[in-house]
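The following pair of complexes shares a single chain, chain A, combined with chain B in the former and chain C in the latter.
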Partner chain A sequence: MTDAPTTDRWIRHLNLLQLVLAGIIIMTPTVWMVLSSLKPSFEVTAYPPTLVFSPTLENYVELMKTTPFVSYAVNSLIVTIGSTSLGLLFGIPAAFAVSWTRISWPAILTLAARMAPGTLFLLPWYVMFRQVGMIGSYTALILSHAVITLPIVIWVLMPSFDGIPRSVFEAAQVDGCSVTRILWRIALPLVGSGVAVAAILAFVFSWNYFLFALVLSNGDSKTLIAAAFNFIGEGSTQWGALMAAATLIALPPLILAALVQRWLVSGLTLGAVKG
Partner chain B sequence: MSDAAATLTQDRQRLELSALSAPAVIFTVAMIAFPVVYTIWLGFQSFSSTGQQSFAGLANYAKLASDYEFWHGLWVTIALYVLSLFLQLVFGVWLALVLFHAKRLPGIVRSMFISPFMMPPVVAGMMWLVILDPSLGAANYILQSLGLPPSEWLASPTWVIPTVALIDSWQWTPYVALIVLGGLQSLPPSVYEAAQIDGASPFKTFQRITLPLLLPTIVTAAILRSVDLLRFFDIIYITTQGGPGNASNTLNIYGFRVGFEFFNIGYASALMLTLTAIVFGAVLAFNRLRGAVAW
Partner chain C sequence: MASISIRNLIKRYGTFAVIPDLNLEIADHEFVVFVGPSGCGKSTLLRIIAGLEPITAGEVYIGDKRVNGIPAAQRDIAMVFQDYALYPHMRVYENMSFALELRGTPKAEIDARVKRAATLLHIEPYLDRKPKELSGGQRQRVAMGRAIVRNPKAFLFDEPLSNLDAKLRGQVRAEIKALSQELKTTMVFVTHDQIEAMTMADRIVVLQSGTVQQYDTPEAVYERPANQFVAGFIGSPAMNFFPVEWRGEDVVFSQGGATVPLPKESCAPLRRAGKGVLGIRPEHFAVAPDPADGTAVTIKLVEPLGSDTLIHFDLAGASAIARVDPSLRPKVGDLLSLRPQPGKTHLFDSSDGQVLQ
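And then the complex of A and B:
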């Protein structure tokens, strides 16, 4: 066993090598997207592709000039913030009640909604929203996206509420606190970081969601994700502007995810793994 | 406190707790349960070209059996599912082991590794569309500099499914890896020490000890990915819209087109319900498997 330390060092080096390799595979496409968005338009489609170029923001300027990018972004923000708020408003009390009573069917019901293909609800929604003239309205989009945010909020928060010792609640009850009061005054402040993670995950997945806005939005209420399709249609040769749009659309979720990356795993698996 | 007063307090408490979950339950029933029942009803209806609606019994489901596009869509869905799940589980476990042995990961590295699946699938589709462009894309340039023949990628009926599986695996393998990493970190260190004392090789240790203990976590990852993979939509809709021809026309894409491009509401409902049954069937099957490999 005289060469054990040498072997160990080799294994460590080998592992680092694999880590770097994985990092390169993961990062290259994203880096390529950002680089392409910063290339002068004649260089984006150059073949062989260039790596050295003088970066410019002309693609971003072009994007803002030729498409209503900003108003799509505003639509996305309204729908995402609206559906995240709705998810929190309904999800926080539900998660608390499920955690308190251990009666889990309300949580499972919302999860089943997350598992079924979106097209399954989209047909009846389309028929119903059309009947009441709500196609293209923010209300329809916010309600549909809340179907995405609600189970995220509930399943991220349940373990947080579970983590509060029962004695805290019992003491409050002896003091004559009602259950509702315990939730808002005592439990909620204790799970602040859980609420932050739930809100950010809900925001990210609502922002990223494509299918509902594809059908339920119209020219005025189109979200960025639904409009991405138009950027592709127009921009078959405008790769620079297309990559600028892709970069800008990806930015908000990436920044938010970076903020809470440490707590993401347990949140993303809907409590399946205690991370 | 008297018994009667205690019961009263308990009743009040139960009522309050129901009231707390009521908004979520009512919302879900209104947005999901009711529409699903409506879809089931629509699945039994037929709509004529003039908009006349009539009861069709099981005609829409009978049509499924003889619809070539349905069977083709089922095949595409399953091929894409099996290939993607295989890639993501194999490379996910590998990546998890690499991350596990790296021990301390700075936050910035962790952010890098989660970035693919935090960005919209639509954006992933957009960036790969440019990278994989058959004539000007960087991917073919790399292939050619390595002396390999260029590929048509998404434009080739033969290669479109593996290519889409590759894009999805780029996006979601890190997700599988993080789940498996969580499983690895929760394994008791004592089992490794015992193996080390017995002089087991690293490979044997992995095969005989780590992998069996990790199986429940891997199955969990498989369930979470199955739900998304069987309803594959975003990346395909952005890159190929089911093409070239119908080579990447998954059931979800096909159902969407039948419903929203051809407005054949009754048949689309039958298609979507069938797909839903497949998704739930897969989840139930994996759940049983998880029970079988639990320790």
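And then the complex of A and C:
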């Protein structure tokens, strides 16, 4: 028979093992990508793979020389910041309205839209944007990416708004606040961390979204993720440059994801009510 | 400052009527306490007055103004919530000044009013603190301060003391009562604690299932309860009830048939009704000097409270409690002869619980 402390120790070890395995599975492709981007081009596809090599930035130099990488990055930033802002602009009031009224079907509708495959929207949008001459415009890309950012903002913020004690809103009502003022003066300052998380997640998802940018952009508005697809040539792929591009594309989401950690610790509502 | 009038109020959730039909008049400057068990509709009624809960039918007046459909923001009332509901991101000063700021009150006046309220409530040292940096009692005071600065037509309190410990509750209870006397504003206070109701109210509304059981002064509610529910709810420990009958020329316990030692003048209502329920408060039992003048009981449990002692016993098939002088030093198993104090008994109809006249 095993005593309780021994069982607990085994459970802790198994938990740790799970975490390590999950970490390895998640991190291996990323580490591989970063290492490959730093290898000389002849070593990138070498078999067996080389683990010890002299790091070089030649792939990054090659990438910058042969592609308008910075222009693509600017396009990505414009589309991502635009769609994230649009998502926040409409998502914050929408999440608050759902939480306030406790009518959840609009939120479920937006989630269903998010769950639907992108191709479902792509064809009607392509036809619609072509008819109004907007194919290749930032506006078309920003509007299409709002389908990704809006549900994220709504679904991240709904629980945050729900987490504020109802009585705080009621106290504001009694104090003389309209619903709009309650949102801006009371609710929004209390869900600051939620807004930050929603904004960062929306940014990451929009940044990484491939399909709409591939079809709705043109040479001038192509985003990084869509441009990276073009680096894969038929039989002449520059794997080193591709890995360098992938590393640079992954950097902003990774940095932002690291920043989310700081915001996740909330505790702002502490002291609002009894306790 | 204003009166509050509630006329033919009905509040339903779906088909369930929380308040079936309620009428209530609260006078200007009056301190009225809504008291009743959980689910009796007292908080709903308060929220209806505040404008936080829509009504199904009826009319609500604050002063001369019919406020049906008028949002809480425009009713000019202040409310103290059970969980205080302070704005966590604002300092105490901002919590208190927020409502005035919304009304466009000049800054100098806001400052003066906040500081006056803070002095009154002894919270001046905390004006720069956030709510999370305050104790429960301090938060409670800030919540009251937030209400006071408004100088509203009426104050509404929704069980504001229930989260405080017993000692603090007693202290804040006294402070609220003193405040009501100083501010001379209409106050409506919801509680399930009958001690709060008895000690603070000018008048008490005893509610059950959304209906007013009795609306009267604390003394009247205690001394002349309108029905068995009120009699059982007000008073601690609760009133003892025994089914009784008129048999021959005596009142007897329905179970066991022992004669109840009651003065003849107290028996008249039962003589007419034939049977009923006899109510005796624990503090209205007296130890009979001559055992033949009382009913013998065997003590089952003794609870010494210091100032007096509670004894538990079975009488006529019911568990009962009596409050006796501690100098009696009762012990479990002792035989005691008890009788009700003259004029302190209550008789209720055994079918509808109404007091027998």
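The definition used in the following text is that the second predicted complex is superposed on the first by the 232 of 275 C-alpha atoms of A that agree within 3 Å, B and C clash if a C-alpha of one lies under 4 Å from a C-alpha of the other, contacts with A are read in each partner's own complex, and residues count from 1 in each chain.
Here is the rule we use: contacts are C-beta pairs under 8 Å (C-beta built on N, C-alpha and C of every residue); 3 or more make two chains touch, one makes a residue touch a chain.
These figures come from a predicted structure and were not determined experimentally.
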item	value
Partner chain(s) touched by A:101 [first = chain B, second = chain C, both, neither]	first
Which of chain B and chain C A:168 touches, first, second, both or neither	second
Touching partner for A:189 - first (chain B), second (chain C), both, neither	second
Partner chain(s) touched by A:75 [first = chain B, second = chain C, both, neither]	neither
Touched partner set for A:178, first chain B, second chain C, both or neither	both
Touched partner set for A:223, first chain B, second chain C, both or neither	neither
Chain B versus chain C, judged by how many residues of chain A each one touches	B
Which of chain B and chain C A:147 touches, first, second, both or neither	first
Which superposed partner A:127 touches (first chain B, second chain C, both, neither)	first
Common interface positions of chain A, toward chain B and toward chain C	178, 268-270, 272-275
Parts of chain A lying in touch with chain B, wherever the complex brings them together	11-12, 15-16, 18-19, 22-23, 25-27, 29-30, 32-33, 36, 45, 47-49, 89-91, 93-94, 96-98, 100-101, 106, 109-110, 112-128, 143-144, 146-147, 150, 154, 178-180, 183, 204, 207-208, 210-211, 214-215, 225, 228-229, 231-232, 239, 242-243, 245-246, 249-250, 253-254, 256-258, 261-262, 264-266, 268-270, 272-275
In the complex, chain C residues that touch chain A	50-52, 71-75, 77-79, 81-89, 98-99, 102-103, 130-134, 136, 139, 146, 150, 163
Chain A residues within the chain C interface of the complex	165, 167-168, 170-178, 181, 185-186, 189-190, 268-275
Contact footprint of chain A on chain B as seen in their complex	12-13, 16-21, 23-25, 27-29, 31-36, 38-39, 42, 94-95, 98-99, 101-102, 107, 109-116, 118-124, 126-131, 135-136, 138, 141, 170, 174-175, 178-179, 181-183, 185-186, 202, 217, 220, 223-224, 227, 230-231, 233-234, 237-238, 252, 255-256, 259-260, 265, 268-269, 272-273, 275-276, 279-280, 283
